Every structure is written in structure tokens, then in C-alpha cells.
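Which chain is which? They are A, B, C and D, in the order written, and residues in each are numbered from 1.
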Amino acid sequence: MNKKVKVTIWNEYRHEKTNVAVSDIYPEGIHGAIAQGLGEEFDIRIATLDDPEHGLTKARLDDTDVLLWWGHTAHQEVADEIVDRVVSRILQGMGVIFLHSAHHSKLFKKLMGTSCDLKWREVGEKERLWVIAPGHPIVAGIGDYFELEKEEMYGEFFDVPEPDQVVLLSWFEGGEVFRSGCCYTRGQGKIFYFRPGHEVYPTYHNKDVQRIIRNAAHWCAPVDRPPTGFGNAEPLEVLAANKN
Amino acid sequence: MNKKVKVTIWNEYRHEKTNVAVSDIYPEGIHGAIAQGLGEEFDIRIATLDDPEHGLTKARLDDTDVLLWWGHTAHQEVADEIVDRVVSRILQGMGVIFLHSAHHSKLFKKLMGTSCDLKWREVGEKERLWVIAPGHPIVAGIGDYFELEKEEMYGEFFDVPEPDQVVLLSWFEGGEVFRSGCCYTRGQGKIFYFRPGHEVYPTYHNKDVQRIIRNAAHWCAPVDRPPTGFGNAEPLEVLAANKN
Amino acid sequence: MNKKVKVTIWNEYRHEKTNVAVSDIYPEGIHGAIAQGLGEEFDIRIATLDDPEHGLTKARLDDTDVLLWWGHTAHQEVADEIVDRVVSRILQGMGVIFLHSAHHSKLFKKLMGTSCDLKWREVGEKERLWVIAPGHPIVAGIGDYFELEKEEMYGEFFDVPEPDQVVLLSWFEGGEVFRSGCCYTRGQGKIFYFRPGHEVYPTYHNKDVQRIIRNAAHWCAPVDRPPTGFGNAEPLEVLAANKN
Amino acid sequence: MNKKVKVTIWNEYRHEKTNVAVSDIYPEGIHGAIAQGLGEEFDIRIATLDDPEHGLTKARLDDTDVLLWWGHTAHQEVADEIVDRVVSRILQGMGVIFLHSAHHSKLFKKLMGTSCDLKWREVGEKERLWVIAPGHPIVAGIGDYFELEKEEMYGEFFDVPEPDQVVLLSWFEGGEVFRSGCCYTRGQGKIFYFRPGHEVYPTYHNKDVQRIIRNAAHWCAPVDRPPTGFGNAEPLEVLAANKN
């Protein structure tokens, strides 16, 4: 209980280098703002697309409790081999938080098994996120709703498997709704998809967004259990065929 | 995070006073064994049927994070008024763990809205409980399965609403299966139903059973949030009818 | 397959008698408009609050496959005994569709076990209902969304148990969202809650609303199975204790 | 409603050609027994691994409502391109029933996103399947349980995503349990995993097994709706930024 949760923030880290509208908001990278929002209660490391093995070596993953994933423009540059490695670690128990446009990352799509398509619009409209699971630890400290003055719109139908639980629903000024906080489990790994976070808006400086990411990082942390057994198994009872 | 979770163990506490087979196993009451299994990490109080207001005064409930409920022979003696009071507190966020025959308590039935009927047999047969949600915090520290040499059988169909999540399935020697660890949320309150615990077997002395109850008490603890708003609400946006 | 589903439409039938704004829209009662929308493919009967036993005799319920429920101003006049009778029939397999303000009926609250509270506002604002389960039979024939120009607003948090499936989400002009199509099962009975239908708007004349109610009435119809067994059960296998 | 559901039964069709123990039970192939069990109420076609494009041409898939899949020994011989084609068709609405060892097919694993591993044992022990969702159309006509005298054992933990609904739980003579009837939706396509069906036992001649497959084929059939819209979307409301 007392050990800090080990979080690896993975950021594509491309927009910040080429678009001044992004680097003005996130001078230390999107990962920098997310790290600041997580704060002292976590043991934080950074990994980016252009690091060797995208910063996701086996050693790094084995020493990660929860992975955060932000990507948008370069999903196709992520190596399939690394995706497979991360999936394998998730099934063993590592948690993962997918942020915003990570809905179209190779990793998310592989875990979901669907197209993960949706409607979208980028005009900087108002988003209001409503809590629909007020007993869930991911919304600790959050009121009935919170607002983001300008965000990209994502609209239903969101082509993902039925979540184990939806904790947040978004209302958009332009007329759409969206399941913006979705909980899943795959293998022993817990997954949270959290919608907001378009790169040209200061979303990751928002206190409610930061609180939800902190809460989700705790919720996603692995449970300490012996590895699950698979494969050929001896009977635990005497079978009728062997009783004589 | 550092404050102890406040647990109130409610026990009908009748079998122990009249049946030596029970008091031999639970000389300090079923609640005593459960309290011992919970241990130092919780702030524990006891309430029983024969206490004034069944030990469940408003003050006591307001100061309880998680209620445990064991009852069997005297469900009808629990006052409707107290049941309503406890339901109200659960909807506000108090967690509750229903143990074994609490499936037929007024409180559980009221929260479920169904008959909560099942098949049963009391011959002291073997039960083996299998983990089917290995990433869930309620099964931390539990292997693929654990066994109870002698238990009462509960068999499907268990007439309860579809659980939000089933974490344990039981195999019974006599040929039945059962959803033995069921998670629900009602209002802001989290609910766990945990099947084993017939009074004439030493189930609450079992280390795996104790571990699951400890895990569940943490999982059920309330989330710190402002109370949810209900009722007549002013619009958050300017309506078309008012735009001129 | 060829037999018509037997539908009983239960309507409180009070507003239509006292409020000309309602009777102008529903000259044959709200039940009349619903019946017209269901059409020839169902075997339809009407029951109202002021009928003897509210029109819900045991014989009538036993001969009903799917019950529709519209009520608003007189929930407290529904006799507890009749509520218990209906619950019992639902657990045995009768389907039920709760319409709009039926969320606060005794029957719905008893089945849910929660307060069923929500936020509301009655100013006649725009509602847009989005399909989030496009493979579900209840949304057959419905596009990505449909609109109601004027409706009462219901907003989250809606204090109901997590639905087995949510098929529709509402966007409201005033800034709220709502889970507007919720599927449940209680016992062998299937339940659908469908949000729209305030009495002073012509909602039940809307083609999409009518289509969803038709679809839901098919979906809710009972499954033909022998009654489930409950209670004391003989072992299906030879127990170790009896093997010598 | 009157048109027959178009079912394509896909069978690996290898064991029947090389193992007399299998061909004795299934002289017309496993697909032949399944087709016979489905009967006149469906429009049935057969496809096998050794057909050109495994019998799963685009034209065939476009003309299929529900695909059944039986495979075991040659999962790796199924071309990735065909798997992608089938996934795409499922997301558009085609239903699919995975039978027994199809849990390790490329197709099922791709849709699930997990390892789909489990425990197994092949000694011909007794399996008893319990209904835990008595209101679900897939168990129409089935009693509280049914038995298969000899089957292969599959045991938990079954590494699949949490099903939308579990309708059957298996008890095995050797001491294990299993979620044997699992419902999923992916995109607009409904998926049913049905556990029994090892090739050396006459499982597909069993009347209850046949009934469940028939029920599932109806349940999986596509819903008639316009295709879902995805991608860039114009606002449905006037945005504040454009109001002056």
C-alpha cells in the first residue's frame, strides 16, 4: 500500500515539436503536463515514440504498473512488435490509460478488436462531462459535471466493445454525446479510456482532468496475485471412470 | 488514504447462543471470527439484532464506511424502518458486504428487487471457488481457486439482478455451480455478495475467506465526492426559446 | 412465432381528463396513441388506474406477455398489493416497458431498489437521442439519432442500478445528458426503460418513438421455458460422505 | 420476419477425414450434424477450410446473416486476409457463433483482443450446463440444466473480455467450472461463444445443444438499420462562436 505506483507516460511527442500552438500550451510536452498533474504520489517515467523501442523495452514494461498513452498523428509508426509486447504485459496485469486520440492507436484497437471509429469535429466547442457512476473511485473529488470551454468533439456511435463500466458521458455544444470514461479489463490488466485532451487546448492543465487521471492511475494499478494457470490440467476430483 | 476504514459487523447472533455446534466453532460469535479476520487495518464495531435499533442507529450508520451483514434464522425480526434507514445510507455511499444466508435478508432483497431465491442443500459437501476476474482487487492474494471441505450448497439459478461483475464461481461436489462473489452498485454504495459461511462450518476461520472479506471491505469503502444533485434544474445553456 | 404478443398498456389516465393541453394532443388518451403506434402486429388491451384492481387482475396479468406503464401524477394511488402482484408476474417472465415519468412509479422503484431520482426541467427544449448499441433489436430501423423538438429534460445522475445494456443516450438543449433506453432483467422478466413521453408534447405520435416501443415489446416478450426450480435440492452426484 | 435466416456453417473439416473415431460419430462431418440440428427453419450453406478462400468469399459473407465456426487442429492455416474480411463483415452486423475449440481460432482471438487461454483436459468426463439467465432467448426450451455424459473439460480462468452476458455455466466432474455460453457485441455484430463440442463425442447430436444453437442463430441475426456514420461531422446546433 505504501509503495508508489510506477507510471510510464508514453507520448507520441510530435505536435509539440512542429506546432507552436501546441508548444505554447505544453512547453514541456503533453507528457510534462500530465506528469505535473499526477504529482508526487506516483513514481513517474517518460517514454516517447522516437526513443529506442519507443521507450518501451521489456525491462521498462516489467517495471511499470500503469502505462498512459497519448498519440495522434503517428499511430502507424509504432512497431507491431512493441504493440504485441505491451499487450502481453497488459494481459499479465499492467494497467493502461488511453487518452483522447489514442482511440485510434494500434494498441487500443488490438485490445478492443473493433474499428474504434467515431464521429469528430475540430472547431473548439464546449464539452461538459457528466458523472454517471458516482460510487466509482475514478470520479472521487468530481462534482456532478465539469466543463471544458474548448475541445474537439467526439460523437457516438463509438465502435468499441461494451465497456465493463462507463463513468462519464460528454455533452457537446454542437449536439452530440459520447461515452468519455470507459473501464475495461483484458486478462489481468485494467484499462481506462478517457476522451478529452486535444493538443491545441489546455485540457491537461484542467484540475478535474488531472484528478481523474490520478484516480484512474490508482484504479488501474495491478492486483498482487500469483500468475493464472492455463493449459492441460489434472483432475481435482476422482473421475467416475477411475473409481473402480 | 491513511485513515482506517470504519467497518460495522452486523450479526444476527442467535445460532451461537442456542446451538453448541455453532458456539464451539465461533465461541466469540460469527462476528468475532470475522472481526479477527479483518484485523488491525480496520476500525471495527459490532452490532447485533438484539441491540436497541439492532445496533444500527443513524449516528452509527453515518459513522460507518462499510457494513457487513450475517443473518439467517431471524430475517423477519429486522424492523422495516431500520432496513429503510440502511438502504438510504447505502445509496449515499456506505458499502455493504452480504455474507452467505444474508441473501434472504430484507435488506438484500430490497436492494435487489427480486426474490433472491436459489437451490440449497445442507449436507456438508465440498465447495471449490474459482476466480474468474483475476484483475479485480477483491481477489488480491487468491490463487486460481480455493476449497472449503464442508459447506452448505447454494445452486443456480440465483434470482438476483445481473451483477456488475462476478468475481468467483463455485463448484459443488453434488453437481451444482453458483455465482459466489457478486459486485453491485446501488446509488453511490458498493455492494458485495459473498456466498460461503454456513454457521456449522469453520468458514470464517479460513485464510482465503478472510482475505476476500478484507479485500472487499477496502473495495466497498465510499468514494469522497460532493452529494449528487437531484430535482428541478436550471438550464446550463441558453435555450433557443430564450435567445431573442 | 406466429402468435401475436399480448400487450397490456397501463395508463394512469388522469392528465387527459383534466388538462386540455393533454387531451388536445391525446384525444383517445396516451394509451390510445401508444396502441395506435403498436398497431396490428400485437394483441392489445388497455388498463387504467381507475379500473377495478387498476385493470391488473391476476387473470389479466397471467394473460399478458408485455406490460407498458405510463404514470405521473398519481403514483401513490397504485395499491401496494397490485404492485407486488405485478412484480411477481415479471419475475416469472412477463416483460415490462416503463415510459417517461414511470421512473418514479412504485413498480419501477421496487424493481430497481434505488431512489430512481434524476434532474428534470419542464420548458419544452430540444432532445436528441443517440443510438449507442447499433446491433440491438430495440433500435432496428432507427438512424444514428432522432430528435424531439420539445420535451421535458431528464438529466444525470439517474439513480438506477447499472443497466444490463444502455441503447440510447439523450442530448438536451439545456446542457444535460441521460441514459434514455435502459435494458434490465429481473427474474425471467425483461425490462426496458424509455425516457421520452411528457404528456404535453406529441411524443407518442413520433414515428421513431413508436418504432422503438414496437421493437421493445418484441424484445421484452417472455421466453418459453419450464419454471425455474428453487429450494431444497437432492445431490446430482454421489457425495464422498456416501461413497462407502 | 418471414425470411429465413441465412446461416453459413464453417467447419475446419479435417478430423473427420483422418480419425475414424470422429467420422463414426459424424459421417457427414461436424457441419452435417450441425446443419441437421438447425433444420428447415434456416437457409443453410457450408464452407470449409479447404474450399477456395476457405469458402468465405466476399459475396458469400455479404449473403450470410450468421456464421458458425468450428475449428481445432488447423487454426494457423486460416489466411489472415480472410480473417480480416470476416471481422469487417461482423462489425457491419453479421452474427457469429463460435463452437468449442474455436476459442483459439484467429478470428475469435482477434475479436476478443486477449489470449483466450483456458485450462483443459481430455478424458471424457461428465459436464453439466446450468442456465443462469433464464429470461434470455438463447435458453428458450432448456430446463434448469442439461448434461453431457462425456466431454472435454475447459476450466477457468478463461482469458476473454467480460461478456455482455453469460447464459450458461458448466460444472465438470473433475472439479472445474466454466462460462460456457457467452454473449458479446462487436460493432453491429452479435457473437455467441458456446463451449461444448469436442470432436470425439456426439455432442452435436444432443437435443439441448441443437436447441441452443438454433436459438443463438436467431439471436445473432443482424438488425435492419442504416449503416452507422463515422468521421468528420458538421455541428447539429449553432455554436456560440458562430452566433453573432
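The criterion applied here is as follows: contacts are C-beta pairs under 8 Å (C-beta built on N, C-alpha and C of every residue); 3 or more make two chains touch, one makes a residue touch a chain.
A quick note: this is a predicted structure, and the numbers were derived from the prediction, not measured.
Peer 1: Using the contact definition stated above, find the chains touching both chain B and chain C.
Peer 2: Where chain B and chain C share a partner, that partner set is A, D.
Peer 1: Using the touch rule from the top, work out which pair, A-B or A-D, shares more C-beta pairs.
Peer 2: Between the two chain pairs, A-D has more contacting C-beta pairs.
Peer 1: When the C-alpha atoms of chain A and chain C are each averaged to a single point, how far apart are the two points in Å?
Peer 2: Centre-to-centre distance between chain A and chain C: 36 Å.
Peer 1: Just give me the whole-number Å value for how far the CA centre of chain A lies from that of chain D.
Peer 2: Distance between chain centres, rounded to whole Å: 30 Å.
Peer 1: By the touch rule stated above, which residues of chain B touch at least two different other chains?
Peer 2: 128, 131, 133-134, 144, 155, 157, 162, 164-165, 173, 175-176, 185, 187, 228-229, 236-237
Peer 1: Which part of chain D faces chain A closely enough to touch in the complex?
Peer 2: Residues of chain D touching chain A: 87, 91, 110-115, 117-121, 123-126, 153, 155, 157, 159, 161-162, 164, 173-176, 184-187, 228-237, 239-241.
Peer 1: Enumerate the contact residues on chain B facing chain D in the complex.
Peer 2: Checking each residue of chain B against chain D gives 128, 130-134, 144, 155-158, 162, 165-166, 169-172, 175-177, 179.
Peer 1: Which stretch or stretches of chain B touch chain A in the complex?
Peer 2: 93, 128, 131, 133-137, 139-144, 164-165, 173, 185, 187-190, 222-226, 228-229, 236-237
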